[in-house]
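Remarks on the structure that follows.
Labels for the chains are A, B and C, by order of writing; each one numbers its residues from 1.
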Amino acid sequence: MSVLPGIASIAAMALYAAFFLHAESQAQVLGLLALAVVGVPVLARAGWVARTATSLEAHPLAARSASVAALAAIIALFHDQHFVMLMLASVLLYSVACLGLTVQFGYAGVVNFAGAAFLGVGGYTAAVLGPHVPHALVLLIGGLLAALVGSILILPILRTRGHYAALITVAFGILFRTFVEVNDALGGPQGLQVKGMNLFGWELNSPLKDLSFYANYVFVGLALAAAAFVLVRRLERSWVGLNLDAVRLDETAAAVFGIDVARWKILAFTFGNFFAGIAGAAYAMMTGFIAPNSFTFGDSLILVSIVLLGGLGSAWGVPLAAGIVLIVPEKLQALQEYRFLLYAMLVIAILLVRPQGLIARPARQYFPR
Amino acid sequence: MDVGLFGQYVANGLMLGVIYAMVAVGFTLFFGVLDVIKFSHGDVLTAGAFAGLATYAGLQALGLTSSAVQLLIILLVAVAAMAFLGALIAKYLVLPLRTAPPLNTLLLTLMLGSALRECVRLFYPQGANPKPFPRLLPQDAVALGSFTLRLDNVLLLLGGLAAIAAVHFVITRTKLGLAIRAVAQDAETARIMGINFERVVLLTFALGSGLAALAGIMNGLYYSEINFSIGLLLGVIGFSAAVVGGLGNIYGAILGGFLFAGLQTVGAVLLPALLPEVPSAYKDVFAFAAVIAFMAWRPTGLIAEKTAERV
Amino acid sequence: MSFPKMSEALLSCSGLSVRFGGLVALDALDLEVRSGAIVGLIGPNGSGKTTLFNVITGVYRAAGGRAQFSGQDLTGMTPQRIYAAGVTRTFQRSRLALPLSVFDNVMIGNHRLLNHGLWFNLFRRSGLRREFERNLAKAHALVATFSAPLAERMFDAAGAFSMIDRRRIEICRALVSEPRLLLLDEPSAGMTHEETRELMDDLLAVRSRLPGLSIVIIEHEMNVIERVCERCAVLNYGRKIAEGSYAQVAADRQVQIAYLGTE
C-alpha cells in the first residue's frame, strides 16, 4: 500500500482547512462547506477514503510527520490570529479527551456520557492547584484525579450492561455538575479563575515574537495530542487492544477464553478518564477559567459525537471530527444562533447516511508490514 | 416538622411522581417494543407543552375563553400533535436504524432531543425565556389545618393516575396492547403470527409520545410556567425511573417514577435536617447518587428484564 | 503442562445438576472422560448437552454435584480460571468476533500464552513484535491444517468468510492454546458430508500432535460419532440414559425411544 494516498489526503485537507479558516464572508464559508458535502461522498464512493485510511495505517511514521508538517504550515499561515490559534489548540485538546473516549467505547465498549465531567475535574484541579504546584505536575494530577473520580463509577458500570451502564454515566454527569454548582468552595455557579500555564518557566500567556499567545497552547496541545495518539495506537495494536475488542464484541466468549472482562473495562475506563482530565486541565489554563457551565451534558454529547463522527475506534478520525465539530459552527457567524440545531441535524444526517463515520476503523495491523 | 409542611412535601412528591411515571412509561414502552432508548422523549414533552401553549394563544385570539373548553382543546391538540410526531420519529429515524449498533440510535435520539429543544428555543416567540402557562384548572383550595390542599393539584394527580391506568388498560386489555406485548417479547414470532410490526411500533411511539404531551401540559398547569429545557431533566429522570424499575416493565416504570420523586423529596427534607449547611439543591445530587448506587446493587432494575442470553 | 496417565480420568462429573427456575436442565449427571479419549455426546434437542458444556466451562452455575478436572474442582470456578486449567470449547451458534481478523479471533483463544502486561504492550514493542511473529507462525500453521486458502487470508475480517470457514476458525481458536480438554458443540452443523469428513480428518490430524488431548463432541450427525468417538453418552431431558460404544448405544431401547418415540 503506497504512502501517497495518505500524504495526498493530508495535504488536501490542510489546504482546505487553510482556506476555510481564512474565509471571511458567509458565502465563502458556505461555498466551501457545499464543496465538502458534495465532494466527500463522491470521493468515498470512488474508494478514496478507504484508500487513505489503509495508507495511513500502513505508514504511520509518514502519516504522523505529514500531519505535523501540515499543522506547522497552518500555524505559520495564521500565527498572529488569536481566533485561529485558539481553535487549533481547542481541537488538539479535545482530541486528547476524545482519544481517551475512543479507548473507552470504541475499543472496550464502555459508553461514557460524562466525558465533559472528567474534563471538568481536570479543569478544577488546574484552578485549585495552579497557583501552588508546578503546572506539568498539575496536568498529571488532573488526569489522575479524573481517573480516581471515575473509579467511583466502576462498580456500577461493571455490573450493568448496555443502556443501564449508559444511564449511570448520564446520571453521574448531571450529579457532578450539580455538585460543583452548589459548592461554593469551588466557586459555585460562577466558577473559578485559572492561572495561565507556566511550564518550567515558560509563561504560555505571554506571546512569542509576533505569534498569538494561543500558539503556545497549540504547541503544548500538539505535544499532548501526539503523545495521546501514539499511546492509543500502540494500545490498539497490541494484545491489550485485542482484549478490549473481545470484551466489546462478546463478553461471554471473551470470558470463556480467559479474558478478565472486569480488568479490561476498568483499564479502558480509567485510561480514558485520565486523558480527559489532562485535557481539561490544559484547556482550563488556556481559557483562564472553569465553571459548571463549561461541562454540561451537552458538552459530553459533543465529545461522544466527535468519537462517532470520526468513525468509532478510528484514531485518525478523532482530530478530523474534532476539527469539523469545533471549527465549522464558529465560522457560520450568521447562523450562530442556529448552530446547535444545525449541528444536531448534521449528526442525525450522518447517522442515517454514513453511520460508520468519516473514517471506518481498519482491521488491526499489529506491525505494519 | 409540622403536618402542614409534611403534607406539602407529600403532595409535591406525589405530583412529581405521577409526571415522572408518565415519562418513564413512555421510555419503557419504546424499549420494550424496539429495544431502543428514545432520548428525545423528554423534549417531546417540552414540545407538547409548547404546543398546548400555542393552542391556548390561538384559542384566546379566537375568542374562546371558557377554561374547561380551552383545557380540553389544548389537551386534544397537544396529545394528537405529539402522537403524530412520535410516529414520525419512529418511522423515519428510529426504525431505519434498527440494524445499526445501539449506540447510533442512542446518539441519534439524543441529537433529536437537542434539535427539538433548539427548535422550541429558536422558533417559538421568545422561546428562550420561561413562559407563563395559563391556569385552566379551578384555583380553589381547602385548608386542612396548616396544610393547604389545592384543588387543581388533586385534579392533576387524579388525571395523571387516570392516564397511567388508561395506558395500563390499553396494554393489558386491548388487542393493540396484546400486539405491543407480543412484539416486545419476540418481534420475529409476532410477525409470523400476522402482527404488522411497523404499525405496532408506530402506534407504540404515538401512545408514548401522547402520554408525554399530557405530562408536559400537566407540568405546565402545576408550575404555571414552562421553559424550553424542562424536557432535558425530566427526560433523564424519566429514563432513570424506567431503568430503576426495570426497562420494559410498565409496573416498574410507574414504581420507578414514584421512587425517584420519593428520593428527591427525602433528599430535600433530610439533607437540610442532617446537614444544615447543605443547600437543598443537593437533592438532585442525592437522588442521582442513589440511582447509581442502586444500579450497582440491582443491575437490571427492580423488576428484572426477563431476557436470557442463549449461550 | 504434564498430562495424566492415559487411563486416568481427566474430567469427572458426578451428580452434576443445573436448574433454571423450575426447569431441570441437567439431572444428576455422571460422566467420565479419560485423558486422550474422544467421547460423543448425543441426544434429542433440549436434552441438556450444551448445558453440560456451559456448566463445565463456568458459564452456568451448577445447582448440585461436582465437576473435577485433573484434580481441580471446576464447580464454582470462573470461566477464566477453567480456561487457564486447559479447557476450551466451541459454541453451537458461532460466536466469532466478525469485525476482527482471522488472526485476531484465533489469538483470542491463545490468551493463556500471551503477555498482557500494559507496559510490555505499550513500551516493549520489539519484544511484542517477536511474540507477534512467533504466534502468527503458530496460528498460520494451525489454520493451514484445516484449510490452506484460509491460512493465506489471516488478516481478513472473519465476517467475510463462509460458514464452514468460520467453523474452522472457531475450532482453531479453541485449539491454539494447546488445551487438555476440548468441547466441540455440533461442529458439523450446516456442513455437507464431504465437508464434515474433511473437518474430522483435520481434527484428528491436529489431535495426533497433542497427545493426551481429550475431546467431547456434541453431534447430531451419527456418522461422525460412529467414526470418531470411542465412547458416547446419550442424554434425554437432562439425564444420561445410555453410555457405551456407538454400536451399543444405537441398539439401546431407551435411546431408540428417546429419538423415535414409542410405537
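Throughout what follows, a residue touches a chain if its C-beta (ideal position, glycine included) is under 8 Å from a C-beta of that chain, and two chains touch if they have at least 3 such contacts.
What you see is a predicted model, and the numbers here were worked out from it, not measured in a lab.
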**Chain closest to the middle, measuring from C-alpha centroids that were averaged per chain** = A
**Reference subunit C; chain at largest CA-centroid distance** = B
**Request:** Report the inter-chain centroid distance for subunit A and subunit B in whole angstrom, where each centroid is the mean of the CA atoms.
**Result:** 34
**Complete:** So, in whole Å, the Cα centroid of subunit A is separated from that of subunit C by 43
**Request:** Determine the centre-to-centre distance between subunit B and subunit C, using the mean Cα coordinates as centres, and give it in whole Å.
**Result:** 49
**Asked** Hey, what residues on subunit A touch two or more of the other chains?
**Response** 252
**Message:** Can you pull out the residues of subunit C that are in contact with at least two other chains?
**Reply:** 59, 91
**Prompt:** Using the touch rule from the top of the page, what residues of subunit B touch 2 or more other chains?
**Reply:** 311
**Item:** subunit A - residues contacting subunit C, complex
**Value:** 231, 234-235, 238-243, 245-246, 249-250, 252-260, 267, 363-367
**Request:** Going by the contact rule at the top, pick out the subunit C residues touching subunit A in the complex.
**Result:** 57-59, 78-80, 83-84, 88-89, 91, 95, 97-101, 104, 107-109, 111-112, 114-116, 118, 121-122, 125, 128-129, 132, 155-157, 173, 177
**Fill in**
Listed in rising order, subunit A residues that touch subunit B in their complex are 105, 111, 153, 155-156, 159-164, 166-168, 170-172, 174-175, 178-179, 181-182, 252, 297-298, 301, 304-305, 308, 312, 337-338, 340-341, 344-345, 347-348, 351-352, 355
**Message:** So in the complex, the part of subunit B that touches subunit A is made up of which residues?
**Reply:** 31, 37, 93, 96-97, 100-104, 106-108, 110-112, 114-115, 118-119, 122, 232-233, 236, 239-240, 243, 247, 279, 281-282, 284-285, 288-289, 291-293, 295-296, 299-301, 309, 311
